[in-house]
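Presented sequentially are two complexes of subunit A, the first with subunit B as partner and the second with subunit C.
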Partner chain A sequence: MSLLQPAAVKVRELPVWLRHLLFGIVFIIAWQLYVSLSGASALLIASPIATVQALFTDIGNGQLISATLISLQNLAIGMAIGIIVGLILASLSAFSRFGRDLLTLLTSVFSPLPGIAILPLTMLWFGLSPAAIIFVVVYGSIWPISANTETGFRTIGATTRMVALNLGLSRVQTVRDVFLPAALPHILSGLRLAWAFGWRTVVGAEIVFGVAGSNGGLGWYINNARYFLNPPAIFAGLVVISLLGILLDTFFQRVEQQTIVKWGMKQAH
Partner chain B sequence: MGQQDIEPIVRADHIYLDYAQGSIRGDRISAIVEDASFTIQRGEKFVIIGPSGCGKTTLLKAIGGFLQPLRGELLLKGQPIKKPGPDRAFVFQDFEQLFAWRTVIGNIVYALQAAKRVPKNEAIEKARHYLELVQVAAAADKYPHQLSGGMKQRAALARALALEPDILLMDEPFGALDAITRNQLQLELNEIWQRTGVTIVLVTHSIQEAVFLGTRVMVMSSSPAQIREIVDTSQAEEFGSQQFDALSKHLRSQLIHHETSPERIAQLSAVE
Partner chain C sequence: MSKHRWLLALLLAILVLFVSACGNAASTGSGSDAPSSFTIVYQPGLGSVTFITLKLQKTLDKQFPHTNFQWKIVNSGSAVREAVLSNQGQLGSLGISPFLVGWDKGMDWKVLLATSRGDTWLVAKNPRIKTLKDFGPNDKIGVVAPDAQQAIVLRKAAQQQLGDAHALDKNLVAIGSADGEQALLSGQLAANFAGSPFQESEVAAGGHIVLHSNQPFGPVGAGLIVLPQSFYNQYPNFSKTVYKDLLATSAYVASHHDQAAQYLAQDAGSGGKGSEAQFKSLLDSEYLVFDTTPSGLMAYATFMQSIGFLSRVPKSVNDLELPTVLGTGS
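And now, the complex of A and B:
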């Protein structure tokens, strides 16, 4: 009993990243074993080794790099516009009854509609251009950002509002120096949701585009790999998409660390 | 004696206060504060005490410019009060009154820059000076969430004082603190008042705080929301002194006796 216990305790005591790494290694080994031993067709599934090879090949020839950059660019532009529009809508909503009604109405009608669903529409409007994809990303970002920011503004405490009034701040000062930082936990939640939806939308839209024949982005890359019967490249694309997702999420975590965690504002609501 | 000749800084003349329009009962308006008249002299410590719901905070907010009287006149330096401003700096009971996203000194510097357009270097110097005054200078670069309750209130006081206001408005500032810290801060507030001479209007529940801190104490009642009496407590310098105990007893009788007076009992039985 006493021989087993120390070992069991030790595994649980390992740092988080190490536990996750061990789990990942076990998973990859299992994946490799399945591919090697099950005799599944090479056209259906690629092994970890083949995937890594495809990664090296397509990073080397620049395909993956340019695809990644295009996807990120679409996401960045779409989100930037979405953030501006979302913040404006939320500010209007915070300061006027009409703004509040407008936002509630728009959100309830449009937010259940996934961005990708309006892609056929934007393709009609903008053709097979980046604008069609970017529009869809904008659309997908606006609702989480405006709704969360509006909640953030609405739940600002009465005392904070009174302090802003007491100091005699102008409207601009109040929104910029008090409301925005006070609402930051909610705004960051909104941004996190927006980027998550946006990323999924970008990849999905690029796949649709890929089917239609236009090139660019990671979605196009994996669809293209399918077309050329290149499963390792599909897997390589999926790995990159996933890694970028993790990276961006980590970026947001860092932002949270430097702001709302440092200020003791996390979990306030 | 000479004070009657000097123009008071605040004058209230038969004011009625409510957040809505009040309600009409017969030919009377029923409001949170009814028919209040009083003056506040420059440099005094004017304490408002009363039971919950008597309108003392509402009165403070009216002086602060957060609401307008339904009736009557409320004048600051002879002019009606239009809106809030840094000349009537507040210290609230709420620990969240400091901006969480700025350091202690950052809060004061921001207030000075934004409210009074003080240039940055001067603002930093001033901020340090007032942080020293309230004995929180060591925590200048900390964030509010890292401070104890007492230190947060001290920092909030520093921010209000740094604005060098005409009046310091304090809404039960020590109400959320433990008794020891509370007593400590009462002593320190007194000392700060002696050093700066700022006019203070303070709302409290505590009789002991009212007698110790106030130069005059205005006792309010609820139902109806009126001023019962204004008591001179400037002679009560020390806890436990004869004057202190006598004044405490008097205030207690004003506050507690009223709520069980024969008139009150008759009123309560009539509302059936």
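And now, the complex of A and C:
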């Protein structure tokens, strides 16, 4: 017992990133052992080594990079439009009863529908073009953003509102200079949700789309690898999707740290 | 104490993974003369007439009463390949190119015999599109899969007419035959490259032919029926009987168009709709040849390797074929 105790205390005191890294390494070793020792066909599951090889090959020939950029581009355009529309809806809702009713009705009807479910419709409306994917991302982003921004507006204290009224600010100035900063914690969590939905929707929509070549994002890359019986490339695509998810989430964490954590509006991790 | 538990849990998890992997090597039978179950995977369209006839005549069920025969329809050769790969199917019907892609990646399947070859049409609806040169960057072409036989024929034609085999790659959309027909007629696709009976109804609805599939490689390239080599070695008598039955059924269909059309009209595997008379006229076409000997294997393999779809070319057709058709089909 006394021999083990120092070791146990040490593991718990390691920094977070190191603990996560150790877990990751153990997982990768277990994965490699499973593939090497279990006799499963290499065409059904790829080993970590084959995945890394596929990563290098397809980064080298540019396929993976262009696919990543296309997915990110679809996501960025979709989210930008979604943010604007969401903020407008939330502002309308904050200032008028009609706006509030409209937002409540729209959110309750459309929010439960996943973006992928309306993809067949958008394919009919926009044809087999990036507009169909972007529309689906916009649709997926609007509801979390407007709902969270609206909540943020509603939780602004009465004191702040009264000060804004006292200063005689116009409606636009009130929203821009008082409400938006005050509602920032909720807006940021809305953005995080929107980005999470949007990322999953983009990859899923690209797979459903099945377009080869020009309009291919990461979803198309994975689907293409399936058609050409290339599981290492499928796994490589999954790794990239996951890595981007982690990166973007870290980005949002940084933004939060620089704004609302610094201002004391949110507890740090 | 908590460190012990953590390690134990991890070891247990790894152990569970290994044990489950061992269980995956189950075989389809106990080594007796016939397997306990046998699944045939094929695609919708006129080319499945041999399978539909075999199914509806119940030949195999009478010969092997203890074997459970199942018939699955999937949308493309790639899907057939996945079914055979994951042991969901044993006998597959698909084009030359998805078979070669599977062979190239190390699948141990080989050609048992061929089905038929015909003239598949690239059908467009917009009068602006008359040849391959008229396809702009936004004109989508529907194929069942990027590595389907039609897609390879298209690349060969692109090489011949446009100088670059990959010129139209960015226009391709992977879409099933029936959905592709709908998309063409509703204007979402500029062209669809499927097969019978879809192409005939597309032309009847106002489409026109841009490319004939029997031109780029010539009148070769019958659809293939494939079987894993390991299955053939395990059940040689069963496999040879299936081969003879398919040969006989193919000969029957070739000489009994009326009866075959009747079978087609009954079964969803024919492509859905169509009357007996329509199927009979399709079967009567001079371009449809029930050729059970494979053809064009080396031509396709060499071409596909030259455009980067295969990493190697077979030394000879013997590498690709089971003893039933060994040596034929280059």
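Basically, the second predicted complex is superposed on the first by the 261 of 269 C-alpha atoms of A that agree within 3 Å, B and C clash if a C-alpha of one lies under 4 Å from a C-alpha of the other, contacts with A are read in each partner's own complex, and residues count from 1 in each chain.
FYI, a contact is a pair of C-beta atoms (placed from the backbone, for glycine too) under 8 Å apart; a residue touches a chain by one contact, two chains touch by 3 or more.
This one's a predicted model, so the numbers in the text were calculated from it and none came from an experiment.
Upon superposition of the two complexes on subunit A, no clash is found between subunit B and subunit C, which fit side by side. Once chain A of one complex is fitted onto chain A of the other, the partner contacts of A:25 are absent, as it touches neither subunit B nor subunit C. For the combined model, the angle formed at the CA centre of subunit A by lines to the CA centres of subunit B and subunit C equals 160 degrees after rounding to the nearest 10. Looking at the shared chain after the overlay, A:265 reaches subunit B, while subunit C stays out of its contact range. In the overlay built on the shared chain, the residue A:178 is in contact with subunit B alone; subunit C does not reach it. In the superposed model, C is the one of subunit B and subunit C that contacts more residues of subunit A.
When the shared chain is aligned, subunit C comes close enough to touch A:33, but subunit B does not. Residue contacts after overlaying the shared chain place A:163 against subunit B, while subunit C stays out of touching range. Of the two partner chains placed around the shared chain by superposition, neither subunit B nor subunit C is touched by A:113. By the document's definition of touching, of the two partners only subunit C reaches A:42; subunit B does not.
When both complexes are overlaid on chain A, the residue A:243 reaches neither subunit B nor subunit C. Residue contacts after overlaying the shared chain place A:123 against subunit C, while subunit B stays out of touching range. When the two complexes are laid on top of each other via chain A, the two nearest Cα atoms from subunit B and subunit C are 40 angstrom apart. Subunit A makes touch with subunit C in their complex at residues 4, 7-8, 11, 26, 30, 33-34, 37-44, 123-124, 127-129, 209-215, 223-224, 226-230. Listed in rising order, the residues of subunit C touching subunit A in the complex are 2-4, 10, 13-14, 17-18, 21-22, 24-25, 78, 81, 85-86, 101-102, 105-107, 137-138, 140, 145-147, 169-175, 186, 188-189, 309. Against subunit B, in their complex, subunit A makes its touches with residues 157, 159-160, 162-163, 165-169, 173, 177-178, 181-182, 184, 259, 262-265. Here subunit B touches subunit A in the complex through residues 64-66, 83-86, 88-90, 92, 94, 96-97, 99-101, 110-111, 114-115, 143-146, 163, going by the rule given at the top.
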